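Going by the order they are written in, the chains are A, B, C and D; count residues from 1 in each one.
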């Protein structure tokens, strides 16, 4: 563990010495608007607080991603969106100190590195997910909008990687560990902390976050009722996921309209 | 199952080739207003999301029904209401592509076909109902406003009809299957998906949806308390249902006023 | 039971033939304002819906009480308040048909008759109370604001009085039965229906309704935790109730300000 | 017990005869604004009602603290903030009678006396905490934001100190007893009543109150799931607490902005 800390410290020192990464150029304004909307939708639904965040891969360069500066999710606006390279170094902090960035941005960068299929990432502290993370009771899909759970939701135990920590993903090494724990799954729980959710687009990752949390609430209720539960068949889940996103544009529009008027 | 898919595909091709059904003429504006209100009331109570919907039989022709285009339930306005025949073909899409309609509209058309007594239909994903659908623990009436549950709430298992699917009622055959599963009951749960609720009017179907979901919440709580539960006697339920709707106009007015000011 | 129905029918016919009761004169405008506030506060807290109601004894005559016409609790205004005698006959319906009054107003009149100490009455369908009513698991005080539960909360089983009914307190006989079931207790649950709560003032009856429902929620949680529960000692409850109301004026002001601005 | 009552009575009489304590001078306006915000944030989150309160030590004098007059937490403004000495005597009531102050202000004064490290105190009736207080099921940290629970959350049983009371901390003796029960812990539950939470600043005490209540909700859920729970390791908790507050300024800004616009 000491070694990990020392190496991480070394990396940070080295990173600080490097020049800032170059920009991929201005992102699609529609993508930035959707990123702002994603942040506010998840805040509105009680799934992002002052420490959770959502990011999206840059539309011009797969080696860059967009994420807000450190800010409560419900307060994010277009002007708070910054560009990062996949080592999670900001292209331009616009005068902000490094402490004004989210400490755990490495979650995003390291997942984008390892998972070229992932276009958007959410880090949430959704309360309904925490009991599953600390008990290791497996999340199973019991609702058609939650079919992606069928692909497996592992639990990331930070102790297995780094021993006793403050539980935050505060450096690239821990981000890499988490990305490895996630593997090819759509999401992973983080024991005693929250979850990370991935998707091929912002609407998809927002929908997955909402229905991962909702499935947890409903599964706990069903499990308490003392009768066998019929979970989704993997074949059902596969067929749903093939078409998932169909109809989502409509719901996304509704979610977005609700929160974007509040500014 | 293959046969079902092929037949459904055939039907869709045939339907596309047919001329659009004729209109029954303009619907009563009060009915359209109430349909908009029903959609918004159920959204306001967390019972309709971006995929749920409510319909009403046309006041001029029992072979036509009214339902919004595909839209989040809280955003529906009068101009979004379309007319369908009982095969769920739109009379006039007003230039919208077929993909802009609700995929699962067949739920409505097929129930109207089989149940002349039904004047309004809701398809909901109410979270409190899902645990009952997946466990097959029977819903039983324990609250006087939920007396209609006494008439039986079957669980529709789509696997029994069509094997492994994406669980959506995406064609007339599946709509017909669901309507058969519903039979003469006021509502049916759909395993891992939601429920369909019927009624003799919009206020009644809205009230039933609200109190079906509320009964589920309260029944789960009562069942967990480790003491025998006194459910409603069938005779009590019968007497309540005889008068049900009495007093509902008042509550409907309250529900409606709350949501119609938001536009 | 037949006899009861016949007698009730006779009474109604007789009542209709009688002249309207005389008015006690205009009520204190502050009392009427507080009655409107009580209705809206309980609606705002999810404790009154379109069928629940609150009343207060007239300040000029203990044989009269004030209650709104049949209206969703959140919509009540001063001009909706009517005066009734203790047989629950309206002094002046202001042109409204009898069907525009609350069917269950007899709950109020019959309790005022039997309990001179009671100055205000609430009839609620609070969801957290229903599971206790149908299981007969006794409500016990576990929160200092709910100390009055120590005086006993009986469950009224309408079947024991009138056999199979539509469960509503729709005539003076049933109102009298309920008042007898309540006895000298501060509140009674009504199996499968709701509860009636009484108090020496509007703020007290509103507070009791809020904390009866909250105690139910918390007691169900505590009972599920598998450890012995320390309920309030009767002596603690007595001492709290002696001073109850102290500090309530402050909270009442907060509750009232929140809902009265909404008009 | 009689002796306690007599002594308390004597103290009150003696206190009344004393001159009012001197003021430490005007408090930092930013601190007063944050105190108002703390009150409104906790009200907004359902953690302070008409009887709960929050205080902060005066920035000019550790022997003075600031707290609002008796008022629903959501209504507090800067002009409602009063200054008290550590015997909880007001410096200047601005013409208000003593009954317009919070009865339980002794909670604050006695804790400030015994705990020089404490800069802010909350007294809450958070519903999720009550079941833990009455069952004595120990609260354990299972969420990284709730790591401070690792330092121990004792349950204060007022009966052990003063026998049968009205359960309020209505004099300095009971305040002293509670402060002793709290000891060096960050918070203590009060059986059948609520909790007291302390912190080194207003943002910290607000965050602790929020995450103490949230941990209770999640722990009850996890305990019901029938699988072993992995709680936080004391070493993890220590490391988190070392850095706790880091990132809190950002969330505090979000919480504050949400409630301060409502005035």
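Basically, a residue touches a chain if its C-beta (ideal position, glycine included) is under 8 Å from a C-beta of that chain, and two chains touch if they have at least 3 such contacts.
Quick caveat, the model's predicted, so the values are computed rather than measured.
> Kindly list the shared contact partners of chain A and chain C, in label order.
Where chain A and chain C share a partner, that partner set is B, D.
> Going by the average position of its CA atoms, which chain sits the greatest distance from chain D?
When every chain centre is compared against chain D, the largest gap points to B.
> Chain C-chain D contact: same residues or different, taking over half shared as same?
Result for this pair: different.
> Rotation angle for the CA superposition of chain A on chain D, to the nearest 5°?
90
> What whole-Å value do you get for the distance between chain A and chain B if each is reduced to the mean of its CA atoms?
35
> How big is the gap, in whole Å, between where the Cα atoms of chain B centre and where those of chain D centre?
49
> Two or more other chains in contact with one residue: find those residues in chain B.
224
> Once you draw an edge for every pair of touching chains, what topology comes out, line, ring, star, complete or other?
ring
> Could you list each pair of chains that touch one another?
A-B, A-D, B-C, C-D
> With touch defined as at the start, can you tell me which chain B residues reach chain A in the complex?
Residues 49-51, 70-75, 103, 125, 127-128, 130-131, 134-137, 157, 159, 164-168, 191-193, 220, 223-224.
> Could you please specify the touching residues of chain D with respect to chain A in the complex?
That would be residues 141-145, 214, 217-218, 221-222, 224-225, 227-233, 235-236, 239-240, 242-243, 246-248, 250-255, 257-258 of chain D.
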